[in-house]
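First the structure, which I've put down as C-alpha cells, then a few questions once you've had a look.
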Amino acid sequence: MSKNVEFVVKSIADTALKNEQYFSDLDAVCGDGDFGYSIARGFEKVLTEWDNIDRTNPGTFLKEVAKIIMSAVGGVSGSIWGTTFLRAGMTLGAKEEVSKEDIVPMLRAVIEGIKKRGNCDLGDKTYLDTLVPTTDVIETALAEGKDALEILDLATQVSADAAEATRPLIAKKGRAAYTGERSIGTLDAGSVALATMIKALNEAWRA
Amino acid sequence: MSKNVEFVVKSIADTALKNEQYFSDLDAVCGDGDFGYSIARGFEKVLTEWDNIDRTNPGTFLKEVAKIIMSAVGGVSGSIWGTTFLRAGMTLGAKEEVSKEDIVPMLRAVIEGIKKRGNCDLGDKTYLDTLVPTTDVIETALAEGKDALEILDLATQVSADAAEATRPLIAKKGRAAYTGERSIGTLDAGSVALATMIKALNEAWRA
Amino acid sequence: MKKFVNDPKDFVPEMLKGIALANPDTLKYIPEYNLIMRKDIPMANKVSIMQGSGSGHEPAHVMIVGKGMLDAACPGNVFAAPPADFVYQTTKLVAGPMGVLHLLNNYTGDTMSFDMGRELAEADGIEVRTVVINDDVAVKDSLYTIGRRGVAGNFFVIKAVGAASEEGKTLEELEAIGNRVVEVTRTMGMALTGCTPPGKGSPIFTLEDDEMEMGIGIHGEPGRKRVKIEPANKIVDELFEAVADDLPYVAGDEVALMINGMGGTPISELYLLYAHAHEIAEKRGLKIKRNYVGEYCTSLEMAGFSLTLVKLDPELERLLAAPAEIAIRTF
Amino acid sequence: MKKFVNDPKDFVPEMLKGIALANPDTLKYIPEYNLIMRKDIPMANKVSIMQGSGSGHEPAHVMIVGKGMLDAACPGNVFAAPPADFVYQTTKLVAGPMGVLHLLNNYTGDTMSFDMGRELAEADGIEVRTVVINDDVAVKDSLYTIGRRGVAGNFFVIKAVGAASEEGKTLEELEAIGNRVVEVTRTMGMALTGCTPPGKGSPIFTLEDDEMEMGIGIHGEPGRKRVKIEPANKIVDELFEAVADDLPYVAGDEVALMINGMGGTPISELYLLYAHAHEIAEKRGLKIKRNYVGEYCTSLEMAGFSLTLVKLDPELERLLAAPAEIAIRTF
C-alpha cells in the first residue's frame, strides 16, 4: 500500500495532537472552544488503532480512518473530518497505488462532500475557505509540472494566506455563527488547523 | 431621662454602622465573616426606631434597645449584644437617672450575663477578654476619683491593648473556634469592635 | 482549573458510571456509546425517545432518563455533539415496534450527527422521526442560516412527549406534540461568568468583575452583547421582555415559567430571580399555571440563568403535570 | 460580586418571596420572621417540626419545607442564626397539641437563639424538644468545647423525623428517632473555592488556583487544612476514610451514601465523585441501600462537596424511603 498516504495521515494526526490547545483556543474566541479537543480525540484513536487499520489498499485505509474518526468524534468535527477521509477513500476505490493524478479529484470530492454534509459554501468562514484555494493552487501547480516539494511550498503559503483571509468574514456555520458580527476579525479555527497541518506536512516531508 | 445613656447607645450604634465592613473582614479571617453585617443590621434597626423607643427611664430604654437587637440579629451577636443591653437595663431598674456609681455594677452584670448565655469565660477569645480588663480599669479609676475624660482615655487604651492581646489566644467559642490553632495570631472580632466603640465614644464625647 | 476531575478524558464516562451506580434498578450504562438508557426499554407499546447533545448540560440529558421522560441519552463529549455512530447504535438499541423519536437541540453538529445516525438506522428498517428544538430568542432566525439554538426549553418538549409516549401515542402523534411544544416555547439566557470544559482546562471566555454577557448559549458561546452587571431585577426585566415579546405571550395566556440555572448559580439566587419574573408575568396578565425553578440545562459551572415561557393549552398542561421518574432525585 | 442580587439587605426576603410565589397552594410566607411554613400546619394529630439555621444553605431549610419533611423554617440572614424572636414566634405559629420539635445544627449562634426561643415558648405552655445535629467529623469533639458542627447530615434527621411525624409519632418518639439518626450519621466536606455573602460583597476566604481546603464547614469557615488540589478520586478517598473510620462503618453495614454539592459544583462532577465513593464503599464491604447525589446543604456558590454516611436499620430505611413533597422539585 502507498506509504505516502500513510505518511500524510500520520502527519495530520500528529499535528492535530500537537496543536490541541492551540486549536481549542482559536475556537474559544467565537465558538465553544472544543475544536482542538474534538479532533485530537479522533486522531488519537486513529493512532491508537494505527497498526490494526485495514491496509488492503489506500482507499480502504482512508475509509477506515474516516470510520474511526466518526465513532470517536461528535458533531461538526466528526462529520466534517470523517467526510474528508471518507470521500478521499471513496475516490480512490480499489486502486493499489495513489498517483499524482489522483490528488485533485480526491480533494474535489472532499470539497463536494463537505458542502453537502455541512450545508455550507465558500465564504461561510469554514475550513472550505482554506481548502478550496489550496486545491486550486495544487491543481495549477500539478498542471505546470511542479514537483512535490514545490507544490508543498505553494500549498503551505496559500493555505496560510487563506486561513488569515478568514478574519474579515462573518461566521455563518457552526457555533461561532451565533456570535454574528462579533466573529469579524477572528480566525476560523478549522482553516487555521488545515493550514497548520499542511505546513507541518511540508516540514515532515523534508525531514 | 439621662441624655448620657442615649449618647452612649447612639455612639455605639454609629460606630457599628461605620465599621460594618471592617468588623466583617476581621470575622472572615477565622470566622464566617458576618459579624460586622450582623451587628450593623441590629444597630441600624435601633437607629430606625430611635425616636419611638420607650424612654420612661434609662433602664427601660436599654431593655427596649436589647429587644430590637434580638429581633433583628440572629445567633451569637444577637444573643450577646442583646444580653449586653438587657443586663445593663435590668441593673438600672426603674431609676430616673444613671450615676457614676451605676457604671461598674452595670458592666459586671453584663459580664455575668454573657458568661451565662455564651457559656464562655476569660481566655476563650471572645469579647469578654476585652470587656473584663476594661471594666477593671474603669472600676479602679472611678475609685481613684478620676473624671469622665480621664476614664474614657484609660478605657480606650486598655480596651485597645486587650483587643490586641487576643491575638495569641485560641478561639474556643463561636465559628472561629472551628479553625482551632489557625485562630492563633488573629484578632477577635468582638474584642476589636468593643475597643473601636470605646475609642469612638471617647472622641464623640470630646467633640 | 477548579474542578473535580481525574483524567479529563474520563470526565464523561466517570460521570455516566456514577449515574448508573446510583440507579442500578432502573438504568443501564453502555460505555461504548456514552449511553444511559432505561432498563425496561424497548417496549412493545411505546415509542422510544432519545436525545444526544453534548455533555456539560447536566441534568440534561443523561440525568433525565427515566419513566415519563427520555428513554435514552447518548451525549458526546463536553459541549460536543455525539458521534454519528453513537446515534446509530443507540437508535438500534432502543428501537421497538412503534419506532424511535429523536429530539435534538438545533446546532450544526448535533444535526449532522443525528442526520447521519438516522440515515443508518432507517437503512436497517427502523422508523425514526425527529423534533428539532430551537427556543432561544437570543439568536434571530433571519440572521443566521442555521436558525435559532435549542436551549433549556428542551425540557418541556421532553416532558410532553415523554408523558404522551407512556400513554401509547404513536410516533406521528409524538412528533406533532413535540413540534407543537417547540412552537410555543421561548427562552433567553445570560451569564455572569464563563465556564471551563475539563478537556480544555481554561475558561472558554472570561468576563470582567463588573461585566455580564446577555443572550448566552449553553456551550459557553459568547452571547448577544457584553454589558455592565445590573441589579437582578433589571436583568430579569430584559430577558422577560425579549422572551415574552417574541412569540408573543399576551394577557390572558396560560403559561409555564422556568428559571433555569446555568450550573454555578445557587438556588437561592434562582428563587430571587423567580420572584421578580413571577411578578412581571402577573403584571402582563399572564396566568402562571406551572413554574420551574432549578437546574434543567446547564453549562458546566457557569454562573447565570435562562428564562423560559411556554404557552399552555389543556392537553400540554396535563402532559407537563403527569408523573415522571428520573435519575436525579432528592429522596 | 458575581451574584444575582438587588439590595443585598433584601437578598433573603426576595428569595423567600420566590419560594412562596412558586408554591402558592402549599406554603405560607411570613416576612416578619423570615418564615416559610406549610399552609396546613398546625395539625391536631402531628408534631410540628421546625429548623432555623442561617440562610445561604439552600435548599436547606426553607426549600425543604413540605409534607414529610419540615413544617417550617425561619432562617436568619446569610450564615447567621435566626434571631431568638423568630424562633419564638415560629414555634408559637406551628405549635399544635402534640408539641414542636426543634432541629438545630450545632453552632453557638443557633444554640443561643434556639435556647432563648424555646424558653419563651415553654413559658407560653408549648411543649418543645430539641435535636442537635453534629455530624461533621472534621471538627473533633474533644478539641473544642462547642462540639462537632451540624452539616449536610441534617437532611437525614429531617427526613426521618418528618416521615415519622406524618405517622403520628409523639414528640418523645420523634426526639428519640432524631437522636438515633444523629448517632449513626457522619459527614466531611471540602472546598475548591470560597463564597461571597451578598451582604459582605467579597469572598470569605480565597484559595489559590492550585489550592483546596479540607474539612470545611457550611458557612464559608475555613477548614482543617489547606493543601494542593488533587485528582477527584484522591479527594474522595480522603473524605471517605475520615468519615467511615469515625463511627466506624464496617463491612456488612447497610448504609446510605450522600454526595452533597456546596452550591457551585455542577451535578456532573457530583456524579463523578459518587462513582468513586460508591466503589470505595463496596470495597469496604458496605452495602449501599440508598444513595443521594445533589445539593442538600450548601454554602452559597462555593465549589466543593461533602460526603455523608448513615448506618441504616430497617426502620430508618423505611422512614428515608417514605414519600415526601418539598418546595423544590423538578416537575
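Going in written order, the chains are labelled A, B, C and D, and every chain counts its residues from 1.
By our rule, contacts are C-beta pairs under 8 Å (C-beta built on N, C-alpha and C of every residue); 3 or more make two chains touch, one makes a residue touch a chain.
What you see is a predicted model; the values in this text were computed from it and never measured.
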Shared interface partners, meaning chains that touch chain A and chain C: none
Any chain in contact with chain C as well as chain D: none
Taking each chain's C-alpha mean as its centre, the one farthest from chain C: B
Cα-centroid distance, chain B relative to chain D, in whole angstrom: 32
Gap in Å, rounded to a whole number, between the CA centres of chain D and chain A: 54
Centroid spacing, where centroids are CA-atom means, of chain A and chain B in whole angstrom: 73
Chain contact topology (line, ring, star, complete or other): line
Contacting chain pairs - touch in the sense defined above: A-C, B-D, C-D
List of chain A residues in touch with chain C within their complex: 21, 24, 28, 30-34, 36-38, 41, 67, 70-80, 82, 117-119, 172-180, 182
Chain C-touching residues of chain D, taken from the complex the two chains share: 2-6, 11, 14-19, 21-22, 55-56, 58-59, 63, 159, 192-193, 209, 229, 231-233, 235, 263-276, 278-279, 291-296, 298, 300-301, 303, 305, 320-321, 323-324, 326, 328-331
Footprint of chain A on chain C - complex, ascending: 9, 52, 54, 76-86, 107-110, 112-113, 116, 138-139, 143-146, 149, 197, 199-200, 204-205, 217, 219-223
